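First subunit A sits with subunit B, and in the next complex the same chain sits with subunit C.
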Partner chain A sequence: MTAVYNNNTADASAEVAVTISIDGADVIVPEGATVLDACNAAGVDTPTLCYAENLTAVNACRLCVVEMDGSRTLIPSCSRPAEDGMVIKTDSERVRHSRKMVLEFLGSGVDLSQADELGTWSEFYGADADRYGPAPARINEPVKIQDDLYIRDYDKCVLCYKCVEACGDDAQHTFAISVSGRGFDARISTEFDITLPDSACVYCGNCVAVCPTNALQFKTEFDLRTVGEWRPEEHEVTTTVCSYCGVGCNLEMHVQDNTIVKVTSPNDHDVTSGHLCIKGRFGWQYVQPTIERGPTT
Partner chain B sequence: MADLKFTDDQASAEESAAIDAVIGDERATVHEHPRVIRGGTKRRHRMRHLLLPALHALQTESGWISPGGLNYICEQLQVPPAEAFGVASFYELFKVDQAPGHDEAVTHVCVDGPCRAGSAQVIAGIKAGGGHVHESPCLGQCERPTAVFVQGRRGPNVVKADAPNVLAQHGEPALRLLHRVGVVDPESLDSYRSHGGYAALDAAIAAGPDAVIASLTESGLSGRGGAAFPTGIKWRGVRDADGDTKHIVANCDESEPGTFKDRIVMESDPFALVEAMTIAAVTTGAENGWIYVRGEYPLATARVQNAIDLARSAGLLGDDVAHSGQRFDIEVRRGAGAYICGEETALFNSLEGFRGEPRNKPPYPTTHGLFNQPTAINNPETLLNVLPIVLEGAASYRSVGTESSPGTRLFCLSGDVGNPGLYEFAFGVTLGEVLERAGGVEGELQAVLLGGAAGTFVDSTSLDMALTLEDTRAAGTTLGSGVVMVFNQNADMTDTCTRIAEFFRNESCGQCVPCRVGAVRQHEMLVELRTGGPAMPDDRRQLHDDMARAMADSSICGLGHTACSAVASALTLGLIGTSQ
Partner chain C sequence: MVGLATVLGAGGGTSSYKEIEETDVILLWGSNAREAHPIFFHHLLKGLDNGATMYAVDPRRTSSARFADLWLGIEVGSDVALANTVAREIIAADLHDKAFVAHSTRNFAELKAAVEPYTLERGAELTGVPADAIREMAHAYATAEKAQILWTLGITEHHNAVDNVLALCNLALLTGHVGRWGSGLVPLRGQNNVQGGGDMGALPDKFPGFQNVNDPDAIAKFEAAWGTKLNPEPGIHLTLMFEAMERSEIKAVYVIGENPADSEADINHARAMLASLDLLVVQDIFLTRTAEMADVVFPASIAWAESNGTVTSSERRVQRVRAAVTPPGEARDDIQILFDLAALMGVDWGQANPEQLWDELRSLSPMHAGMSWERLEAAGGLQWPCPSLDHPGSPFLHAWLWADDLDGREPAPFSAVVHQGPKEELTDEFPLRLTTGRALDSYNTGVQSGGFNSPIRYGDALDMNPADARALSIVDGEVVQVSSPRGSVEMAVRFQPDIPEGLTFTTFHFPELVDANVLTSDAWDKRSGTAEFKAASIRVDRLVGAAHG
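Moving on, here comes the complex of A and B:
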C-alpha cells in the first residue's frame, strides 16, 4: 500500500527540516510532515473529512486539496509529504471551487445534518447542494439496528473509510468490515452483509468513535435523538481511568441528566490514541443498568 | 494463525478442489500437526495475491462467489472474509448473489460505441433462446460489432477468433509494430523466430542495459496507454531504484471504450510481448514479470500463456534468460471486469488481491509499484516499440513520425467507416487521411471520438489535424489509447453521450468523492437532457462545467480527471445540448 505519512511520523526534533511556502509565508516543518501539517503550522484552517490524527491518511474525500505550483492537478494536503521549496496556495479560486464542489456533491447525496463541521464549511464555500435536479440519486436505506450498542445509518455515510481503518490495521485488527461494491453503490459492509453479531465485530466501538457524520451512532445517542432528547451542549464530561484491566485507558464519560450516554477516549492519549475495547466503551452498565432484566426466580 | 472469524458455511468438495487447483500448495498456514501450524502475518501477506485467481476458480465452478467457497479461500489465504467480499463485489465478472441463471454460462453483450445499435437485437435473440445475458461495457471487439463474450460455467470462456489476415494493411512494408500480425503462427515459437523473433533480445543482452536505455531515451518513445510518459526515463528509474526485487508489468487490461489493439497483438503476436518484457527485465534488473489481461480476453490470455510456456521451455524465460545470467519469469493474471484496473496503481492493488482502487501518487511505480517494489509498468503497444528500437537503433526509429512524436502509432478504427479495424500509421498522419485509408466515412461525418470515452469528440473541422501528441494537445484533444470512433449524421449523439456518462458512473471505483458523486450527477444531467432536451439550459451547462473542472482538478486518478471530457467536448461542438 501507499507509504504512510501522518503527523505521528513527523518528529519535531528531526534534524532535517523542510521549508515550504503556504500562501506566501515560509513555514519550516520537520521532514516527514505533510502539507496539512504545514498549513496547520502556518495557522491556515483546512477542511478535512477522511483525515484523522490517529488513522492512516486515505485521501479519499478530496476536501483538503490545495494548489501546488508545478502540479497539473490539485493535491491532497493530508497525505502529501512536504518537500523543500513547495509553493502552496490554499485559497486560490481553483481550491475554493473544488472544495465547494466536494461539499456540494456530498450534500446532494448524503444526509449531513449531523456533521456540524461540514455544514459550517459548506456555508463558508457557498456550496449549493440543491442545484442537482429534482431527484438526485441518494442512498436511501433504512437505519440498521442489529444490537443494543450501536446503529448504522447509511444515508449519512460519506465513505471516508475511517471505520474500515479503525476496524482494520490502524487500530483494532478485527477486519469485520470493508468497502464492498463499486462507485456510488459502494457500501461499508460485512461479508455478504451478514449482521454484526454474526460477523467478526468485537464491539469495540472504535468505528463509531471515528465516524465524522454520525452514520455510526451509539444506540444510547440514537434513542435520545429519536425522542428529541439529545442535548450535547448540556453534557458533562468526566475523565476517568478504565477499571477493567491494568492498561490504563483514559475514559471520557459523557453524562446527560445524570446518565452516562456515551464513552470516548482522547485522541491524544498515549495509551489509546482514542481507541478503546468493548469493556471501556460499553461496559459501564454496572454503574447504571440499562438493560431491563426479567424477574429473577 | 491469524484471528479470523468465519461463518458456518462450508465449501462443497468441487469448490475446494477448484480453488486448490489454482492456489496449489500456496497456503498462508500449514497445519503440520494439530498443535503445529506454520504461518504468520508475513506469509499471509505473501499469499494474498492469489485471491483474484481463487475467486475466478470459485466463480467458474459455482457460478457465484458462494459464502462457503469464500470461507474456504479466506481460510487458505488467511484473508479476512469482509475484505475478500469487498474485493469480490468490486468486479463485474464475480457475482456475490445467487441470481437466477447463475448456474449457466453468461453471454456478455457489448452496449458501447458501435455495438450499441445492434445490441438490443442480439440480446433479444439470446434471451429468446433461453440464454443468460449481461449487458456489458466495451468488450474490445469494436471492429466487429456486436461484440459478445461468453463467460463459461465449468467450461471455457469464449470470444470469436480473428481470421489469419485480420489487418486491412496486411503485408504493407511500412508496418513496424504489426508486421507479424496475421503472418506469424501465434502458437509457434519457431514461426516467431523465423520472422525475426528474439533477435532483439539477443541484441539487448549484447548491448547491455545502459545502451538500451540510452537508445530508448534517444528514440523519444513515450507510453501508448494514454499518459505518454517517456519510456527511457521510466526504465532508467526502475534500474536505478533500490528494492528487494523488481517487477515488469504489462498492462493488458485494455478497457477504454473503442480500444482493441492490445487484444489483436496478444492474439496474433504474443511472443513479441513476451520478448519485449524480457528485454525490459534484463535492462532494469527485474526478476518478476506479470501480464495483467482483462478478464474478457480469453483467447489473448491463452495465447500469451502458451507463448510464456514455450519461451520457458526454450530457456528464454527462467533462471538464466538466454544465457544472460539473469532470472526472469512471467505470470499471467486475469482481470475480472473493472475498467479502473487499467489505471496502473489500481492494477497493482488488484494484482495484490485488494480492491482495484488507485493509490495516491507520489510515490510513483518506478520506486513503489507492485508489492511496493520498483516496477516498470507499460502498455503492450509501448513494449512492441522497444523491439525495432533495439534492433535498428534510435536514428532509424526516428526516421518516421515527427520530432516530438517519433515513430508510429496504432489506431483503432471503428464505427461508420468502410473498413473498421486496427491500423498503424506514422505520427503526423492527418485525421482525414486515417479515415480515408480505413475506407472513408460511411454517410456524412458528424463527429469522431478520439482517445476513447476518456478522450474528446472532434468534428469535420479537425480533418486536417496531424495526429501527433503535440498537435492533439494544442487542439485540446488527445490520442489517448488510439481510438478513432466515427459517427455519421444518423448517430444520436445525445444517446451516445448519455451512455458514455453511464459508463463512467458504472466504472468509477467510488474511492474519491468528486468522481464517485460527480459521475452520477453527470449521468443524471444527460438523462434529463435526453428526455427533456434538445437544448441544455444555461444553468445546467454551467453546472456541468463546474463539475468537470472540480473532477479534473481534485479526483485521485485519470478516470475522474477525464470522466467529463467527452461530454464537455460534445457540448462545446454543439453535438448535443443545442436547440436544433
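Moving on, here comes the complex of A and C:
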C-alpha cells in the first residue's frame, strides 16, 4: 500500500519526493518531511511529548523513537528527515521497550495524571512507574498561582521545553522563561525566578497551549478541577474569530454548561499557527453569561 | 482606505500575512503591531528571522521598534515630509524602477517636481530624523527585491491622513513594490471587521463591494434586488455627522456597536452633541456610556461569540464567526433586531438567516460571488476578490500593474502632496505634544478588555521622558493635571525613557478613570473623516498642594 503525504504545512509543490518504508508499507513524502510525517501518512500513531507541529523539534523526550535499518541507535522520528530508501519499524520489541521505559522514567518523577495522551500510551505499552519504587519522587511544592490567568504546577513538568520554545523564537519572541539549574535541579524559570507578573511575560498563554502535561494550566481549568467540575468530555468546541483587532485569529471556544472555560487556536490555521495574544487567549471573559452585564463605568 | 482606493482602485491591503515572512525589507510606519496586532507581528518576526531588514518609523521607540534594525524617531505628523524625502532620495540616487514607472504609473514628472524641495537636509529638519537614517532607509527600500510598507493609525489618525497614505503609495509606485508576492502596501486594520464593514457598504458613498451609490448601473441593480427606490446622494461619515448635529440638521442617531461618547476626539464636545439629540438609539452588548445617554437601548448579542456570520480581516480574508454560547436575557442578534424594526415599520423581512443574507451579498457584490457559505465553512476562509466558485481567492492585489496591457486599466497615479504638520501647533501655553495609542492587553475604550484581569495592566498613564518630567519637578507615578485647549484631566505620569523629549503618550482604555479623549484634537481629514487623535498640544501641571518632588 502506498500512502501519499498530504499536509498543507509542507510545500505541496516540492518536486523531490522520497519513498520510505514504514512497517513494511511504502510511503511517499516530499523531501524535508520527517519520519514522523511519514508515520502519520502511513496511518501509524506515534506517541510524542516534546514535539508539536507548530514548534521546532528539540529532541528532549525520546518518546517518538523508531528503529531504522542500519542505525545503531533508535532515531527520534519527530526530527529525523525522511530519506529515500529508509526502512523504519515503529512497533519492534526494541521500540516498545524504549517507549515503555521513557514513560516509566517520566512517571516515576513527574505527576502525569493530567497528561491524558500519555496515560493512554502508558497503558498501551504496559508502563508501570511503580517498578522503580512504591512512592514516585515529586518536587512537592505548592502550585504557583500568581495571577488570574494561568497557574504553574512544577510537579507536572517534564522539562519538554515546549513552553520555552513557544515563548522564544518559535512564536512569541518574548523569552520570559528558560531552563535554569542542572540535573535534578533543572526547572523552567523566569529570570532569577521572579514572579510572572514581574517578569517579561506578556501573558499570551502560548506556553500553556503547548504544555502536554497540564503543568501550565489556564486558571479557569484549574479552578474547575479544584472543585471537581472540569468535564472535558462535555466540552463543545466552536471555532470563531477573535473580536480584538483586525488580524483575524481563529479562536476555538471550549464551552462547558454554556460557559467559556478555555480558548485555543487551531494549529493548522495559517494566521495563528495555534498561537494567540493575551486579548485573544484571555480577553473573552466579558462574554460570560454568568457575569451580569452592567455599566462599564 | 481612501488613499489606497484613489491610487490603486481597491480599498484593501494588498498583501497576505504570509508574504511578510518572505520579504526583504519592512517599513513599519506608524504602527505598534507588537501590541496592537500581536499575531500579525509573529509573521513579521518570521520575516526578520528569515533575514529581512526592518525600519520602524514612529515618534516613540515602541516595543515593535525594538525589533527594528533602525528606528526613525519621527516628529509627530511629519510623515509626508519623510516620505517625500525618501522619494526624492530614491529619484536623486537613480534607484527608482524606471521600467515600472514608465509602464505602470502616471504623473511621475509632477511627483518629481513636488518632492524636489525635500532634500535629505530639509527632510531631517522637518522630521527630526537624521539625514543618514533617511538615506539608509530610502536605499534599502529601493534596492530590495521585495519590500513592504505597513501602517496603522499613526498614519491615518491625522488631519492629513489621506496625504500620508498617498505619500506612502508614491514610494511603492516608484520602486515597483506592489502587485507582486512579497511586496505591498499593508494597512493593518484595528477592528475584527472594519474591513468587512467597508466591504459590506458601511461607507457613506458605497454599496456592498465598493460599488458607488451614485453609479446608475449600480443603482439599477440594487433597486431591482431590493425592490425600492434608492437615494443616489452619498451620505456623510461620522465626523460630518457630529458637525451636522451641531447645526441641528441631524436630530436622531442610531448607534450600533460603537461607543462614541468615550471614543470620539474632543470628547466633551461629542457628548454635548449626543445629549442635544431629539432621539438617541443605542444597540450594544453593554450599557456603555453612550447607551446610558440613549432614549432607547436594544440589548444585542455578541457578534463573534453568540451569533453566526462572517468577518473580514486585514488581509481581506472572509471568515466565519459562530455562536459558541447563548446570549443572556433579552439580548438578541443584531440582524434580528434590525429585521424586527423593519417589521414594525411595515416591511416583512422574515427571520434573519446569515447564510441567506450572505448569498444575497454574493449575488450583488462581484468580489464576493465565489465565496459560497460552504467554502467559507472550511477552515481558513477566502480572500477577496473571489469572483467565481472555482476562483481560489486573492492572496495579493494589483498584479495588473505588471501585466503587459495593465488589464486595460489606467496606470496608477503618483500624488503630489506637501508637508503640513499637525493642525494643532505647540505653543507656550501648550508646549508638549500628546499622541495616543493602544496597549497590548487592552482595547479601545475597554468595553471588552475591561472584562478580564490582566496582570500587566497599568492603566492610562501619561508617558513622559524623565527629563521633561524632572524639569517640572514631577516624580514617577505622580498624579498631575494634563490640559489641552479643549479641557483637562488628572492622570498619573509614567517615566518612559523610550519617548523623546517634548513628546507624551497615553492609552485611552479606561475612560471612566482617565478621560483621555477630553484632550485629543478633533481636527480631521475632509476625505477620510478621521480625526487627529495622534497630535494634540498639552500642558502638564502639578496639582495644587503636591509636595515638592
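We adopt the following convention: the second predicted complex is superposed on the first by the 274 of 297 C-alpha atoms of A that agree within 3 Å, B and C clash if a C-alpha of one lies under 4 Å from a C-alpha of the other, contacts with A are read in each partner's own complex, and residues count from 1 in each chain.
One rule holds in what follows: a residue touches a chain if its C-beta (ideal position, glycine included) is under 8 Å from a C-beta of that chain, and two chains touch if they have at least 3 such contacts.
None of these values were measured; they are calculated from a predicted model.
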| item | value |
| --- | --- |
| Subunit B versus subunit C as contact partner of A:213, first or second or both or neither | neither |
| Partner chain(s) touched by A:34 [first = subunit B, second = subunit C, both, neither] | neither |
| First (subunit B), second (subunit C), both or neither touched by A:238 | second |
| Subunit B versus subunit C as contact partner of A:264, first or second or both or neither | neither |
| Which superposed partner A:253 touches (first subunit B, second subunit C, both, neither) | second |
| First (subunit B), second (subunit C), both or neither touched by A:285 | second |
| Partner chain(s) touched by A:109 [first = subunit B, second = subunit C, both, neither] | first |
| Common interface residues of subunit A - those touching subunit B in one complex and subunit C in the other | 173 |
| Subunit A-facing residues of subunit B, complex | 3-5, 7, 67, 70, 80-86, 89-90, 96, 338, 354-355, 359-360, 363, 368, 372, 505-514, 516-521, 524-525, 528, 539, 543, 546-547, 549-550, 552-556, 561 |
| Complex contacts: residues of subunit A adjacent to subunit B | 1-3, 59-63, 65, 73-74, 76, 79-80, 94, 97-98, 100-102, 105-106, 108-109, 131-133, 136-137, 158-159, 168, 173, 175-186, 189-192, 194, 198-200 |
| Contact footprint of subunit A on subunit C as seen in their complex | 17-18, 36-40, 42, 45, 49, 67, 188-195, 285-289, 292, 299, 302-306, 311-315, 317, 319-329, 331, 379-381, 440-443, 446-456, 511-512 |
| Complex contacts: residues of subunit A adjacent to subunit C | 146-149, 169, 171-173, 196-197, 201-204, 236, 238-250, 253, 255, 258-260, 266, 268-273, 275-280, 282-287, 289, 291, 293-297 |
